[in-house]
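Let me give you the structure first, and then I'll get to my questions.
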Amino acid sequence: MDKTIPNLEKAISEIPDGAQIMIGGFGGSGAPIELIHALIDRFRATGSPKNVTVINNNAGNGFIGIAAMIKAGMVGKMICSFPRSSNAEAFNEKYLAGDIKLELVPQGTLAERIRAAGAGIPAFYTPSSFGTELANGKPTEEFEGKRYVRERWLKADFALIKGQEGDTVGNLTYRLAGRNFNPLMAMAADKTIAQVTVLGAAGTINPEQVITPGIFVDAVVEVSNPQQEEVLVRTGVVH
Amino acid sequence: MTDFNIPDVALSNAQIAWRAAQDIEDGSYVNLGIGFPEMIAKFQPDGRDVTYHTENGVLGFGKAPLEGEEDWDLINAGKKAITLKPGASFFHHADSFAMVRGGHLDLAVLGAYQIAQNGDLANWRVGSKGVPAVGGAMDLVHGAKRVAVVTDHVTKDGKPKLVESCTFPLTGVGCVTRVYTSLAVIDIADGKFVLKEKLPAVTLAQLQSVTGATLHIDGEVADLIVPEDL
Amino acid sequence: MDKTIPNLEKAISEIPDGAQIMIGGFGGSGAPIELIHALIDRFRATGSPKNVTVINNNAGNGFIGIAAMIKAGMVGKMICSFPRSSNAEAFNEKYLAGDIKLELVPQGTLAERIRAAGAGIPAFYTPSSFGTELANGKPTEEFEGKRYVRERWLKADFALIKGQEGDTVGNLTYRLAGRNFNPLMAMAADKTIAQVTVLGAAGTINPEQVITPGIFVDAVVEVSNPQQEEVLVRTGVVH
Amino acid sequence: MTDFNIPDVALSNAQIAWRAAQDIEDGSYVNLGIGFPEMIAKFQPDGRDVTYHTENGVLGFGKAPLEGEEDWDLINAGKKAITLKPGASFFHHADSFAMVRGGHLDLAVLGAYQIAQNGDLANWRVGSKGVPAVGGAMDLVHGAKRVAVVTDHVTKDGKPKLVESCTFPLTGVGCVTRVYTSLAVIDIADGKFVLKEKLPAVTLAQLQSVTGATLHIDGEVADLIVPEDL
C-alpha cells in the first residue's frame, strides 16, 4: 500500500472545480506551500480547479499560499476564524468587493467541527459563541445550568497538509507548532494529500511517535526543502 | 423443519473465514471482531496488502508472537498478544474509534446471533440474564464502509440465524450488507436477503427451509466452493 | 510546578468515599496496578475510600487490580463496556447478587464521552447504539438521513493512569498499546494521578513526542518496575 | 462628562499589564490574548512558575527569540516567534481548545471594546463594516477558571468601556469576572461592577462619571498603586 506520489503536479491533479479543500497551517507555520502553489499553477494553466472553498484558520497573507490562490481568482469561499490581518489584502479586496464568500467560525469550534467530521460525530455542543451573532440560527441547549450552541461537523473533499517525517503508508509527524490543524484535517477529508520533508520506508517512524496514522492519509509527496510561509511573506515573494 | 442434515454439508468456521477472506481488498483497512472473525486474517490471499485495526489503539499489527515471546502491553481487542508490521502506529481510544465511526475502515467483520433481512444485527447478548457486555460491537457496525458477518447458518439447535426481524437485543440497525454462512453467501439490499452463492450440495429449497426470511435471487447464484482441507 | 509525589500512599491519599474514579488500561495492558493496589491497601487499613464508582473498559480480571478492588468491597458501581470475561468472577458474583451497579456503555461511546468531558463538550451525537436498548431514554436526531443518539460527557473526580516516561511537570508518554484510555482519562478528571516507569526532569521528553501534556496531570509518582497486569492474572497472583 | 482629565492620571498599558500580572498565581496555566494582554508575561512576578498556553498548540513557551534567531514554525497565536521552556509540549488544535474549553486553564486575559456589568464581553468587532475576524476569543471566554480583561477605562474619544449592556457585537455572555483598567480594578459579581481598587488621584465620583454603569462598593476599596517607571 505505497501511497507515495512522485511529484506535486500529480498529487493535486484530481481536485475538481468546486471542491471543498482543507489546507493545514496556522499563520506562517505548517502550511503546505508547495502543494498550494502546484494547485495554483494548474489553475493558471488549465482554468481548473475554479470556485473552490478553502478551509483554513486564516485567509492568506502576502502574495503566496492561500493569498495567491485568492488573488488568482480560484477561491469562491473561505471558511476560517481570522481572515483579517495586516497583509491579507488579497482576501480583503475580494471580500469588500463582494467577490468571495466568508463563513466565520470561532477557532476552537473550527477545530472541533473538523475533528468531529473525522470522528463520525455529526454534531456537538459547545459554549463558544453562545449569545453572539455567530450563533444566530443555531440550536441551543442547556446542560447543568450552562447554555451551549449545537455545531455540525465540517468535512472536505480534499485536505492538503504538511508533515515533517512521512512514510510510504502515510504515517506522519509534524515540526514544532506546524502541527496545528494538519492532523485534524487529515481525518476529515475524503482524500488527504500530504507533503513531507523527509519520506521514509514504512516503519521508519517509531509507532509510538506517529502523530497521524496512515489510515488518514491517501497520498504522500516528498518536498525535501519546503519553503517557510512566514519567510516568503516577510520577504515579499510573489507566486 | 429441514429435509437435509446440515452438519453433513455445512462449512467449518475455517472454511467460512476463508471465503470471507477472499473478499478483503488489496490496500484495505480492516477490523476483525473478537473470536471467530479474527480467524479471517489467516486466510488473507497472497499478494494483498491489508492493514488490520484493533479497537484498543493499534493499526498495522501482524501475527501472534511465539509462545513465551509475548509482550502483554502489545495486545489486540481480544486481549491476545500481537506483533507489529512495519508502518504500525499507536493511538488512544478516542482516535481509534474516530477511525471506526468516521468511516475510515473499509471493512468490519463480526459474528452474529441473528441477522435480519433489513440488515439489523444482534450479536451482543441473547437475553436479559447474566452479565451483559458490549465492547466495541455497537461502534464497529457503524462507520466501516462495509460491514459483514461470518456465522453458522443456523443455531446449535437448528434455528435460523437469518430472520425477518431479530428477537435478540440489537447491536445495530440496518448495518450488515453481506453474510458469510456455513451454507451460503447472502447480500442484504433494500431490506431483502439476496442469495449470491450457495453450496452446490444444497438446493435452493433446502436453503430456504433453514432461513427465517425469504431468500431473493437477483442474477446468478454462484457455487460456494472453498478448500476442503481447512 | 513540580508535580512529583514521593510515594504511592501519598498519591492516592485524597480520594474520598463515593469518588468517581477513572482507571486507565485495557485488558491486561496500561493499567496503573500499583496505584490501584495502594488504594486497596488504604481501604483495607482505614475503610476508605468506600462505595467508589470505577470507570474502565473492563471490570477486572483475576484477583488483582480492579477485580481486587471489587472483591475488597470498595466499589459501588462500574461504568464499562465489557465486564464479562473468562476470569471476571469478582465482578460477576457481586453483579449477579445485586451488590454492584453497572452502567454499560459501548466502547467507542465510552471513549468519546470521556474525551468530551476533557474537551468541554457537554453532549454529542453518535450513531453507536441507535435503535438498541442501550439508547433507551436518550434523545435521538437525524442528520443527513442517518439517525444518531445524543450522549453526555463523562467526568470523574480522579483519574489513575499509567505512563511510560513522565517528567516533573506531568508530561507523559505511553508504552505500546498501554496507551488506550489513559490520555483521555487524564483530560477528564478533576485530579489526575499518574504512575510512570521513568521519571525525568522537565524537558526530558521531546516536546513533539509528548502524548499527554502536563496541564492534564496533577500528580506524578515513579514506579520503576511496574507489574504487568496480564502476567499477574495468568499466574494467579492475589492482591 | 468628566470633571477631570483622564490622560493626566490614567495608567499606561504597561502599568495595567503590570497590575494584572500581580494576580497570576504560582503554578498556574495561563492564556494571554493577542496584543495588549501578551504584555502581561513581561511583568510576571519573580518566583512564580507560570505555564503559558497558546491556541495554535504550544504549552510552556518562553520569551521571544533574538531577532534573526526566529524559527517561524515556532510561533504563538499572534504569529510572533517564541521559544520553548523545559517541559514544553506540542499538540493539535483540537487538543489545544480542549485545554481551553475543558476548564484546564486557570486564567485567560483578553482585551475589550466593552464590558457589561453582567460580565458580557465585546472584543471582536465594533460594527458590521470591514472584514470580521474572531480567532479564539469566543472559545477563550469559556472554560478558563478565571477570565479577566485589561483595557483603558474609556475609549479614545472618552466614552465608557464599562457599560450597562454592550452595544457592540458580543464575544461571550457573562464570562468576565475581573477588569483591570487604566483607572481601577473592578470585579464582576451577581450582575454588578464591584470596585476593588482605584487610583488614589481619582475620586469615586470622578470614576463613576466615566463608567457606564453603577460602581458598587463591597468592602474596602484599595489604592491602585503601580510602578511609575514602566
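Order of writing sets the labels: A, B, C and D. Residues in every chain begin at 1.
Just so it is clear, a contact is a pair of C-beta atoms (placed from the backbone, for glycine too) under 8 Å apart; a residue touches a chain by one contact, two chains touch by 3 or more.
Remember, it's a predicted structure, so these values are computed and weren't measured experimentally.
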Chain pair with the higher count of C-beta pairs in contact (B-C, A-B): B-C
Between chain B and chain A, distance of the C-alpha-averaged centres to the nearest whole Å: 37
Chain A-chain D separation of Cα centroids, rounded to whole Å: 30
Gap in Å, rounded to a whole number, between the CA centres of chain D and chain B: 57
Junction residues of chain A, two or more chains touched: 112, 115, 119-121, 126-127, 174-176, 179, 207-208
In chain D, residues with contacts to at least two other chains: 90-91, 94, 97, 100-101, 142-143
Inter-chain touch pairs (all): A-B, A-C, A-D, B-C, C-D
Interfacial residue positions of chain C with respect to chain B in the complex: 26-30, 57, 81-85, 88, 91-92, 95-96, 102, 104-112, 114-115, 126-134, 147, 174-184, 211, 228-231
Residues of chain A defined as touching chain B within the complex: 1, 115, 117-121, 167-169, 171, 187, 201-203, 205, 207-208, 210, 213-216
Residue ranges of chain C in contact with chain A within the complex: 112, 116, 119-127, 141, 143-144, 146, 148, 152, 173-176, 179, 207-209
Sites on chain D touched by chain A in the complex: 55-58, 71-75, 77, 79, 90-94, 96-97, 100-101, 120, 130-139, 142-143, 169-173
Chain C-touching residues of chain D, taken from the complex the two chains share: 26-27, 29, 49, 51, 53, 59-60, 84-91, 94-95, 97-105, 142-143
